[in-house]
Amino acid sequence: MSTVDTVIDRGRGMTTEQLLLLVVGLGAFLLLGDLIIGILNGTYSISRVARYVVEGTLYGLIIGLAGIGLSMTYSILNFANFAHGDYVTSGAFFGWGVTYLVAGWGAASFGHLVLVAPQRGVGGAQLEIAITSTPFAIMAGLLVAGIGTALFVYLIDRIVYKPMRGSGGIPLLITSIGVAFALRYIIVFVYSNRTRGTTLGGLPSFDLLLVDGWVSIDVHDGTLIVAAVALMLGVHLMLQRTKLGKAMRAMSDNRDLALVTGIPTEQIIRWTWMIGGGLAGSAGYLMVLWTGTIDWQFGWLLLLLIFAAVILGGIGSIYGAIFGGLIIGISMHLSMVWLPGGDFTTITAFLIMILVLMIKPSGLFGGKTTA
Amino acid sequence: MSDTEIESPEVPNDAADPDPQRNDIELSVDGLVKRFGGITAVDGASFEVESGAMTGLIGPNGAGKSTTFHCITGIHRPDGGTVRFQGRDITGIRPYECADYGLVRTFQIAREMANMTVLENLMLPAQNQSGEQLWRSVLPFARQEVEREERELLERVWEVLEFFEIEHIAEEKAGNLSGGQRKLLEMARALMIEPEMLLLDEPFAGVNPTLEHKLLDHIHELREEGYTFLIVEHDMDLIMENCERVIVMHQGSVLAEGAPETITSNEQVIEAYLGGEV
Amino acid sequence: MSTNTTDRRAQLESLWEHDAVKILAVFGTIYITYALVGLALGYSLDGIVNTLRRMTYLIAVYGMVTLALNLHWGYTGLFNIGIAGFMAVGLYVTMILAKPADPTGAAQYAGLGLPMPIAIIGGVVAAGLAGLIVAIPALRLRADYFAITTIAFAEIVRLGITSGALQEFTIFGTELGTGGGRGLIRNYGDPMNVIFELEVFSSFVDLTNSLFGFGPTQARALAYSMVLVLVLVGIYWLIQRTSRSPFGRVLKAIREDEEAAQSLGKNTNHFKIKVFVLGCALMGLAGILWRFRRTGVTPEAFRPHVTFYIWIALIIGGAGSNTGSVLGSGLFVAILFEGPQYFRRLVDQVVTFGDAPNTFAGSVAPILSGDVAPFVRYTFEEFTTLQFVLMGVALIVLMHRRPEGLLGHREETAAAIPLTRRPGDESTAGRGGDSS
Amino acid sequence: MSMLDVNGLDAGYGDLQILSDVDLTVAEEEYVVIVGPNGAGKSTAMKSVFGLTTYMGGSVEFREEEITGRTPDEIIHQGIGYVPQNDNVFASLTVEENLEMGAYILDEVPEDALESVYDQFPILRERKDQKAGSMSGGQQQMVAMGRALMLDPDLLLLDEPSAGLAPDLVDEMFDHVDAINDNGTALLVVEQNAKKALRRCDRGYVLVQGQNRYVDSGDALLNDEEVRQQFLGG
Amino acid sequence: IGDEDEVGGDGPDVLNIIGYPESGIQIFRDFYSDHDNGTEIIVPDGMQDGDLPNEVGNDMENVTGTGPSSDGPNEDAYTDLYEDAYDATPGVFTAHTFDAVAVCILANIAAGENDGEAIRGQMRRIANPNGDEYGPGELEEAAAAAADGDDINYQGASSTVDFDDVGDPAEAAYDVWELGGDGIETVDTVTFEGSDPGGEMDDDSPGGTDRDDVMVSMLLPETGDLGQLGTPMVQAGELAADQFDGTDFDIDLQVEDTETDEDTTISNGGALIDAGYPSIVGAGSSGNTVSFVGDSSSANVVQCSPSSTALSLSDIDDDGYFFRTAPSDLLQGQVMAEVAANRLGAETVATMYVNNDYGQQLSEQFVSAFEDEQGGEGLNQVSFESEQGSYSGELESALSD
């Protein structure tokens, strides 16, 4: 399959690609230049640009965190999992159910709490959920989001993907679309399709005066940064320090050979799903903590951006996923400097992804599988 | 093209080596270079193949034989050097253009279209089929012409099937064929293009001896009809017995070139390739 | 006796091999079932005919798109999940071209006021062009990257037409617009007027009136569905011809092994682009026919799920088979798309459920004490949600149990003539001496 | 007493039966070679020992224990190593990482085993940080063998270790194989370089169309006129 | 560096956020966490949800709202009915739904048959002036009168329910509300004498009691973006149908969900038409209504929306089959402009609107009314997509100067 790409890539495509790279590079350079000049001469407000960068970074961390899992399953099982976004949503619901329970035990019925208030009534604001007021509930929620999703994702693998182990990437991709559909609406069935607020408003925040305005980072922004970075670091260490990481690379290289080498491939696949799922669930939980709302399809809406990040960074590379997430997040927000309003943020992300695919289909960190 | 180009490959080269029968050179490769990242797979290889002859291309693993084929037939674009076919510069040609010129290659591992029948496989390569234009295939009046061509083509396909003695599997799916039959199909398919020269990449690798003899017979028959062959092969006996000339590649360049006898006694070749024992 | 039954069985089986029989059998079943459902729901005759008409309309439109997708995926192996985008381009361009130049009434945005046939051609061409724009960069990519690029493209199209920037724009001094999120309201005449104004059409109106008690507008809707079926047949024919030709043979070869096809002298990129553009144009056409007679269109209609519907239809029918594509669309519409709702209405008719619990928790808790009724009620209340679950599960089960779909296992011969017998052998020779 | 005992094995892929009633035995420290035409089922026989084919009948016993139905990692635990025919290195892992993978089932990388592999193939020590995929064909073959030796197996299955190697490398490879056998490891080797292999082995099998055709000592097979004519190219 | 004047910025005095609660929660959260610089906010009917402060986690004191009021002559009678039945205060558009269902049923009775065309001819005979007046509590009497062929004048819960020549309500009233401790608190009501009642209607009513069930249906959002607003509306509609319990007529009321989704609206609406319902109360959001009007009118089915307020629906091509009991946003734009200028003292305004028919048009109406009638200045009009994870970008743009 990819030999054809090789034909074009290694062949005549080279020059057009370099040309494209040049054009894109030039474009990026001009935009950056414009941004700097604009800031210097006051056309663009510094604080506004800074706010975009901060927002974008936070968003990018979530995309990147969720992206690591997608990237891992993508490279080891060799398929683009379209259900990953809904894993993110599931995780958020699992985790927030627990947060509600811990924070609001007795304040409402068990069902109401564990289903994250499927109906109006006692919600996050009444339970005063915030890292400052209910740190334990949030920690418990995050933990459950991670572990619960890991187990849940493993279960899905057992039921859905395991019987198809030998199939190619495309049948698996199609199947994952089915999983995505089913899962998303099962979430609606169980949790209802109501959007709800999950946290207390008016959180303590750290405000920074930046020449012409404020940039504020509240405690949940901070929590997101700390938790996301810690999780990323944790995964990094886990893959570096244990032979799991190498085995994963070996498997993404050549699954049959791994099997006869004595690597317990099923066990590695299990771990891959579980780590990927756990990260997806945690990302979902943190996203909800950060935005303060939860609904049944936020993960799905995030999915294409996660794909964009993973492809941008290069499939199979966790640094690639993180880096890709940050680029996507920040550029989406920065695009608003030139294209005000939210109309073009997503378009910007997709265009960047398509450009990268055209110039460097293996992604920025492509080939360097960095477990 | 690239700085590694050794010298102008044009006339001067030929002039330096006054060859009275210049037209008899079917394919000439000059200073071919191909790099993959840090690896230089082909490093300035130059050689010529005479028309109507059967030439062997040998060399150790990784010498760059397959890569040379890839560069000649446009699967890869060379980083330097020129390729001429029948006097025409075809460097950096696209694979499909290559077939247009009458230069066709087979693959080291047979690449049949597994889900198409043998007949479909053999009808596929025919060149200049007007039915490959969408509108002709669809519009009624043009369609008649297409169908006529198809009938003619089918006749030819049967001739080729007969030639290779595989009529009995005509309606079989290619994916169900045995390894040997696949090799036959691969070669038959190349012939359907009506090429002038065939590049065969290890056509006998993994083919059992009986079948091998049969294939060789076919090849000799074709040679008599005027086809030119360039064959990559590891089996020295086969090369010795069947080729007029042998080219030895080593580390991306041509180490020696000449009649089989001279090659086997060439010190360098023995050292680099044949090892102590022949 | 037993031989007799096996004979009959064999006969039936061989009958089933005919596409026409399959289509008749499947669609016959669908239509009869729905007619019965209509009866059970107490619909009047015109209601039943109307139900079947809407079903036909949906099947025809989905069928067209599925056929186009089959051309992409089934024949050539191009994994297109940006279908909704191409449909949107077709429809929007047609509407903008056809809308009168001076907006009146509810229709806020001006168009070019071109005649309908030209507008349709414009829309189809635009969808094809969109295909070209996607194809050039994307065709070099691996199937999964290609897929992601196409879905990203579709989202770019949808978000683009939604955006304020294109809500109203000026091109060569003419004011045009996509209407942004509010969409476009149709203010050109009924595009089918060419037919409706024909003399014979009035007798059709009379006929349907006397048969089903239809008014003229219902007669028109019925006639429109029939037109759609004709278009579907046309597209089926077109794709069937395309695949049974040297052109189709190359497509098949590309799907099998693109590099080998190139070495056999086929400019595969050329073929891929052609076929991608053709498929996209057909998707555009389907998009146009889907909505251009409606009062209005909004970008919402082109969210990605439309694309997934088409994929489900294709997988049901089996990639690679045109007949399968049509059957798949029929089954998708009848069973997965419309079916659950009719099932719900039927059940509603027969059983009266009390008040359902408001939440899942409320429905599950009583199960512990052995009372499943609340859960059943809740499930029923949430039927629409479960319909989507059903679609997803159907896709999974299909991929597990029958990944080749109903008819995908059957390979159609890629040649303009039948490749069964050797030309000029006994049978032809036996038929007459003219060959010698 | 034999170590590996394959008895009346039927196996294949999915519904497709390739092997019928195949018998193979390997005694402790023995060097056994399988030859035969392409597609005869030689690789299939090896894969069957490792449980990688569809089992259809017969038995595979290792030290008198039935091992059909076990997973590859269990079989490796028993002391069998396997080097497949093609694609037998992890291309994107370094040489050392490849070797480490060979000892995956152990909790820790056995340093002495690593050293002994390096001693046997010094070139691997030199190149230990190179990506295995960028090594030459012969070197890759060494990596693959080295990886299988990491657990110091009692029985090693080698599928065409000399395939596709240039003539000079072929001999080198045979020497390595001999050395492994000299260290006490029993070998079951598939070879297309039939003459050379038979010359060195203790016993040889000729497999044709999924069935045993001949079994005898290497020399006997080499001297058998019929075998020579049909399978060894005269 | 930088322009000193920009410190502190001077964005709009009032920001109008037009949308639905589902996105509103996120928008307000983003507003309060990052963009709250004292700007006053005004919101229309779509956001009239007393639960918002709970979900947002803020008391939302700076928010003022408007919305079609149920300020009909019989508002109280209706409120009592509703509270009795459901033990809750009636929400926005519930009165309009009640009225729509009531009028559809009465017109059906007057027409004497389940026929859309006949009902279309009776809608104004039932609702418009002339004839005896009946309110929500007197529907049994009204039914009897209609069956007798009398010309009656239904006096609704939401308004007098008089249709003008395009089928819009001739009179409209708007509440100005604020979010208080326990939900919506109406602080003012503005009444418009809009256009004159009028338009085509039949000259007499066949009426009669000896007939089949009276068929009427609702096509409203019970789920999706508007699920929270739609569910009480459906309840109000059912309440209206219940009022006919004591009459000679059996009411066949069928409810279908739009899911606030275009495809579902078309599909489920189509099924209602097929089932023979001659009148459909719905759809909820303007976008869905616009896509369905063609279907209903071409099948000769009366469609009466209780909540679709987009301007475009006034003169949509409907062959006279489309009515609504909710007033066009032409008026709400004026009310909001008035409130922004006078009550909130704004000189500059900006809008952030959901990118659909309703949002776009109301935003335009509001800004032009604010500029033309109040002499203020409209700054940014920023659209947004529903269902996003963050609206900071939109808020940033809307609040910039």
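Order of writing sets the labels: A, B, C, D and E. Residues in every chain begin at 1.
Going forward, a residue touches a chain if its C-beta (ideal position, glycine included) is under 8 Å from a C-beta of that chain, and two chains touch if they have at least 3 such contacts.
Only a predicted model underlies this, so the values are computations on that prediction, with no experimental measurement involved.
*Asks:* Starting at subunit C, figure out the least number of steps needed to reach subunit D through touching chains.
*Replies:* Graph distance in the chain contact network comes out at 2.
*Asks:* So which has more C-beta pairs touching, B-D or A-D?
*Replies:* Per the contact counts, A-D leads.
*Asks:* List the centre-to-centre spacing of subunit B and subunit E in whole Å, with centres computed as mean CA coordinates.
*Replies:* For subunit B versus subunit E, the centre distance works out to 76 Å.
*Asks:* Subunit C to subunit E: how many Å between their CA centres?
*Replies:* Whole-Å distance between the two chain centres: 35.
*Asks:* Report the inter-centroid distance (CA atoms only) between subunit B and subunit C in whole Å.
*Replies:* 45
*Asks:* Any idea how many Å lie between the Cα centroids of subunit A and subunit E?
*Replies:* So the centroids are 39 Å from each other.
*Asks:* Which parts of subunit B, given as residue numbers and ranges, touch two or more other chains?
*Replies:* As it turns out, subunit B has residues touching two or more other chains at 74-75, 94-95.
*Asks:* So which bits of subunit E are touching at least two other chains?
*Replies:* 223, 382-383, 385
*Asks:* If you look at subunit D, which of its residues touch at least two other chains?
*Replies:* Residues: none.
*Asks:* Name, in rising order, each residue of subunit C that touches subunit A in their complex.
*Replies:* Touching subunit A: residues 79, 137-138, 140-145, 147-149, 151-153, 155-156, 159-160, 162-165, 258-259, 262, 268, 308, 311, 315, 358-362, 364-365, 382, 385-389, 391-396, 398-400, 403 of subunit C.
*Asks:* Touching subunit D in the complex: which residues of subunit A?
*Replies:* Checking each residue of subunit A against subunit D gives 243, 246-247, 249-250, 252-254, 256-264, 367, 369.
*Asks:* Across the complex, what residues on subunit A touch subunit C?
*Replies:* Listed in rising order, the residues of subunit A that touch subunit C are 1-5, 7-9, 13, 79-80, 109-112, 114-115, 118-119, 160, 163-164, 167, 169-171, 173-175, 177-186, 188-193, 304, 307-308, 311, 341, 343-344, 346-347, 350-351, 353-354, 357-358, 361.
*Asks:* So in the complex, the part of subunit E that touches subunit A is made up of which residues?
*Replies:* By the definition above, subunit E touches subunit A via 1-3, 6-9, 21-23, 25-26, 29-30, 32-34, 51, 54-58, 223-224, 227-228, 380, 382-385, 387-394, 396-398, 400.
*Asks:* If we count contacts the way the header does, which residues on subunit D are in touch with subunit A in the complex?
*Replies:* Its residues touching subunit A are 50, 52, 71-73, 76-77, 82, 84, 87-93, 97, 100-102, 104-105, 147, 151.
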